[in-house]
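Dropping the structures in below, format is structure tokens.
Note that subunit A is present in both complexes that follow, paired respectively with subunit B and with subunit C.
Up next, the complex of A and B:
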């Protein structure tokens, strides 16, 4: 009985919430509302899936939020100031994500800086760095450059489509690109971690690095790759953010890090895993989305949102660490 | 001579596990008693009871004819029994300076001052340091000190209590020889001042230098006391390693063609080079005391560390693995020492633990074939008679012996050229040990098997040939058939000085 509760408790709670909101509010149980929930957690969810990879190898990545906003600023800068096309902007962002992940990994693995501190430092560094090219201004079409000239570029239509286009799915124009990207990445990372030998070895590295090393695994390389995955995922989140906003807004993306980490940690409790896992992370993100959407539709004020998220996280962590006897990180 | 410290019929059990069984031991003032014992003999437990960490399950202790039963380490120190622990950094706080470390125990407890007065602290520290003739900069950070100096600081602080009994638990295990010399000088001085000293060590050179008396501990019992000068070192080693008559003899086989050759390999810059050959189908044991380089050699063969010099060949090809992955590809497998630390992945079930090194062989396009993986695990469960409910059991539900069988099964699941096991019988019950040894011998054909063992009994039960290691080199070789046990023990005890005969 206790085992069933630990295994399926969180999923049951999610189902119960959906049922409750469907009954209590009108319009919750509609395709549009469902899609809206997915859309609201898409960027957070993608970041959370990335940070899950670092959690699996026993690390942590606090720089994901600032990687995402840096990628957003980079995309805007590439198109508006450098007048590049959408393809170049996307590649530029992904390269930044991979590079930051690589540097994080190298600092942690070879310079032996603890993961939390290294990525905290990187977070700070990026928060500052993304403001330097424009001397602290947001980037939008027609903006005035530091030298007094006016930026000539615009957000290319192809890039804007990433944020605006919706695919037909039973209903016309239903599913936005960001949700499709979230679902694809979720399936990819889930399959990678659960079913491939690389994912398996990453779990071994996280659980007992010495044993993994003596089983022939290149432990350092696995750790570095985990941070690269995390960086690339965060930059994808940044691309979606830029496409949604249509500008490089220095004030946006403040909550990304905390929301993403919360989703990944809530994921520990899903299916009684007691360890980082991609499926749990996705459910964790969705859980927060459902809860917030439902409460909003019941006219609960917006300023209670962070409190609700925090409460869910604390409960999920207690669930993970005290109810299921095994200790994860 | 009056007894300073008396242990009488001391017993200690952890659950069903009897660690100490009726240990009686007297310590005399002005005398160094060396306690020898292999891993798991109960030395640390004895030290922990004497120093007030554990309470005994049976028996009693007395200090200067008064009953002595400390319930905390602090109580033991106050009564006059101080302990210098093996891990030097346990004794000092590395973020504080020398002066504060020397007086650390005065910062707390009754009568401690509320405010920290640096000048008073320095004055007290200078007194403590002078008590041991210690010449270190009181203002220096502990972190800037050598290991030996840190240990001196720990000892000086302990000495400030004017102890009656001092316990040193393998104090030289991380010291260089010149640092050890300084420690010996201090220990000799304490002896002359009339302290009763219990010195725990494996190192024969330390023991020869210091011992007035040797006591051997084996399986929780005192198996020998040697106080007649000149001391019988070989007898002490013999009593510690044990040589029970019922050790089952093996039917010795000669190996086939050579598989591994090692020529002039040096494990440490100052160690003597050695050579050896391992043959197809034979099981070779390398025995020797703890810390003589057995694990270094195992890890060198497995690519986890590199030899200082020398050549190795595997099947006639040059063999110089740069990583464990390299060694595994060449068919050299290692069941590493200390399975919890370096073998078991606790988050994985039995099947996943077995497949870990060979995931590439269990994968198709990098996707793990779980059915094949489970199949292989079931084969090993049957092969080694692992007691479990199934291949999906978590490792923590298994007993120590069965966990070890899983570790052995992991590396037996694929064919190897050289199969190395480092202390495979540590924390393994006798039945499981016999199973593993029998399996090792039964399927030894087609590979060379190399087992590193501290306990001589285990080597006698397992191997066709026994090599003796001492001071990071091979000092003796024996065929496990009517072997000259006295010569073997002499080699284990004597090391390179008079070994290699």
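Up next, the complex of A and C:
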């Protein structure tokens, strides 16, 4: 009984919530609303999948929020100030994400700086760095540059389509690009972590780095790759953010970080995994999305929503560390 | 009276009131200490500095200081209340003649401001109440901002509509805007507030978009969204666009930026109007009020910078693409006749 509760408790709770909101509010139970829930968690979900990779190798990445906002600024800067096309802007962002991940990994692995501290430092560094090119201004088409001239570029239509285009899926114009990206990345990282040798080795590195090293695994390389994955995923989140907002916004991304970490941690409890896993992370993100969408439709103010989010996280962690720990022993 | 150069440079017809001031200003000498402005040092002590509003405010302060010819020293405490109080003492030690306190907390700044006054320094405060009779308070009128936007909403939509309202309690300017909203609801019982939401999770526009999306699916009959802060309005606009309701919902907001102008001017945009005070003008007025004090004049205890209503139509008719063009083509936005004695140089010329 306890086993069943631990394995399926969270999924059951998710289903119960969906049923509750469908009854309690009008408009919750519709394909559009369902798609929208995915859309509202797409960006944090992608960040959460990235941070899951670092959790798997026993690390942590605090810089994902600021990587995402830096990528957003970089995309806007590339198009509006440098007048590049969408393709260049996307590549530019991905390169920044990969580079930041690589630097994080190198600092953590070779300089032996603890992961929390290294990525915290990186977070501050990026917060400042993203503001330097425009002297603290947000980037929008027609903006005035620090030297007084007007920026000539615009967000290219192809790039805006990332934020606005919708694919037909049974209904016309139903599924936005961000949701498709989320689903693809979720399946990719899930398959990668669970079914490839590389992914299984990452779990081995996370659970016992010394044993993995003695077994001949290049532990350092696996760790660095985990941070690169995390950085790239965060920059993809930033690209989607830029495409949705249509400008480069000065923002710390701290809320993105916190929501993403919450989703990944809730994921520990899904199916009684008690470890970071991509499927759980996706469910965790979805769970938060369902809650927030439902509560907003019921006119619940934002601070109550933060409270509920926190409560869910605490309960999920209790599930993970207390209940499942006992049965395992 | 206006030189051709001025016209060429700005390409705007100046308001009649400004013309009246422009004449004598050229002739009249400035009072002491501005007869030797190079010796006058003033300080700007800031609490908030990141973001477009604060950048523009600083630009306004710098422009007016330059027009007067005084030296300006900028202290930036980056939201550190204790440091901001220390910086006032630092400014006193530097021997400045005047200090502008920009934002901050009443608790931490009240005594620091008093110390400056005791040291014989003239002080003005912007958007922070330092509870001191000797210190003029520069304010943008949040109540007027909300009133202008709501009057336009009544004008466009009649006196009875279903409304969604974006609000986060506990933020002083939003609370003041909220007072006006409550008054309007009392005055026009036909306004039916079916949903209230809001968050300051950043990026704010993205978080509000997620909320607004839920709200419009729960209440697709909403006609007016009152979002009295431009980040809120931007989020609501994204949600309304995504839900395909741009033609049935109108958004009214407060504040403006270059990005907002682009969003308002998109074809079929739901964002109908915004009321805004030009932060650069607020910066200019802050310096002018301080200069009046230094010259021994009284700018009054409450120096209020009036807002301007900017509609989608205004922007389209004048083909305005950014803040500079807005200032150039809507002169009431570029300059406020506040704290403007005859001798005061106008930085917009």
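As a convention for this text, the second predicted complex is superposed on the first by the 320 of 329 C-alpha atoms of A that agree within 3 Å, B and C clash if a C-alpha of one lies under 4 Å from a C-alpha of the other, contacts with A are read in each partner's own complex, and residues count from 1 in each chain.
We take it that a residue touches a chain if its C-beta (ideal position, glycine included) is under 8 Å from a C-beta of that chain, and two chains touch if they have at least 3 such contacts.
Everything quoted here is computed from the prediction, not taken from an experiment.
When both complexes are superposed on subunit A, subunit B and subunit C sit side by side without a clash.
In the superposed pair of complexes, A:249 makes contact with subunit C only, with no contact to subunit B. Once chain A of one complex is fitted onto chain A of the other, the partner contacts of A:3 are absent, as it touches neither subunit B nor subunit C. After overlaying the two complexes on the shared chain, residue contacts for A:149 are found with neither subunit B nor subunit C. When subunit A is checked against subunit B and against subunit C, the one touching more of its residues turns out to be C. For the three-chain arrangement built by superposition, the Cα-centre angle with subunit A at its corner and subunit B and subunit C at its ends equals 130°, in steps of 10. Between subunit B and subunit C, the smallest C-alpha to C-alpha distance in the superposed model amounts to 30 Å.
Of all residues in subunit C, only 49-52, 55, 168, 195-207, 209-211, 213-215, 217-218, 220, 234, 238, 241-244, 257-259, 261-263, 321-324 touch subunit A in the complex they form. Those residues of subunit A that touch subunit C in the shared complex are 25-28, 30, 32-33, 36, 39-40, 43, 69, 72, 131, 135-138, 140-144, 150, 164, 173, 176, 241, 244-247, 249-256, 292-294, 296-297, 299, 301-302, 305. On the side of subunit A, the complex with subunit B involves touching residues 195-198, 200-201, 203-204, 206-208, 210-218, 275, 326, 328.
Interface of subunit B with subunit A (complex): residues 302, 304, 323-325, 327-329, 334, 336, 341-348, 352, 356-357, 359-360, 362-363, 366-368.
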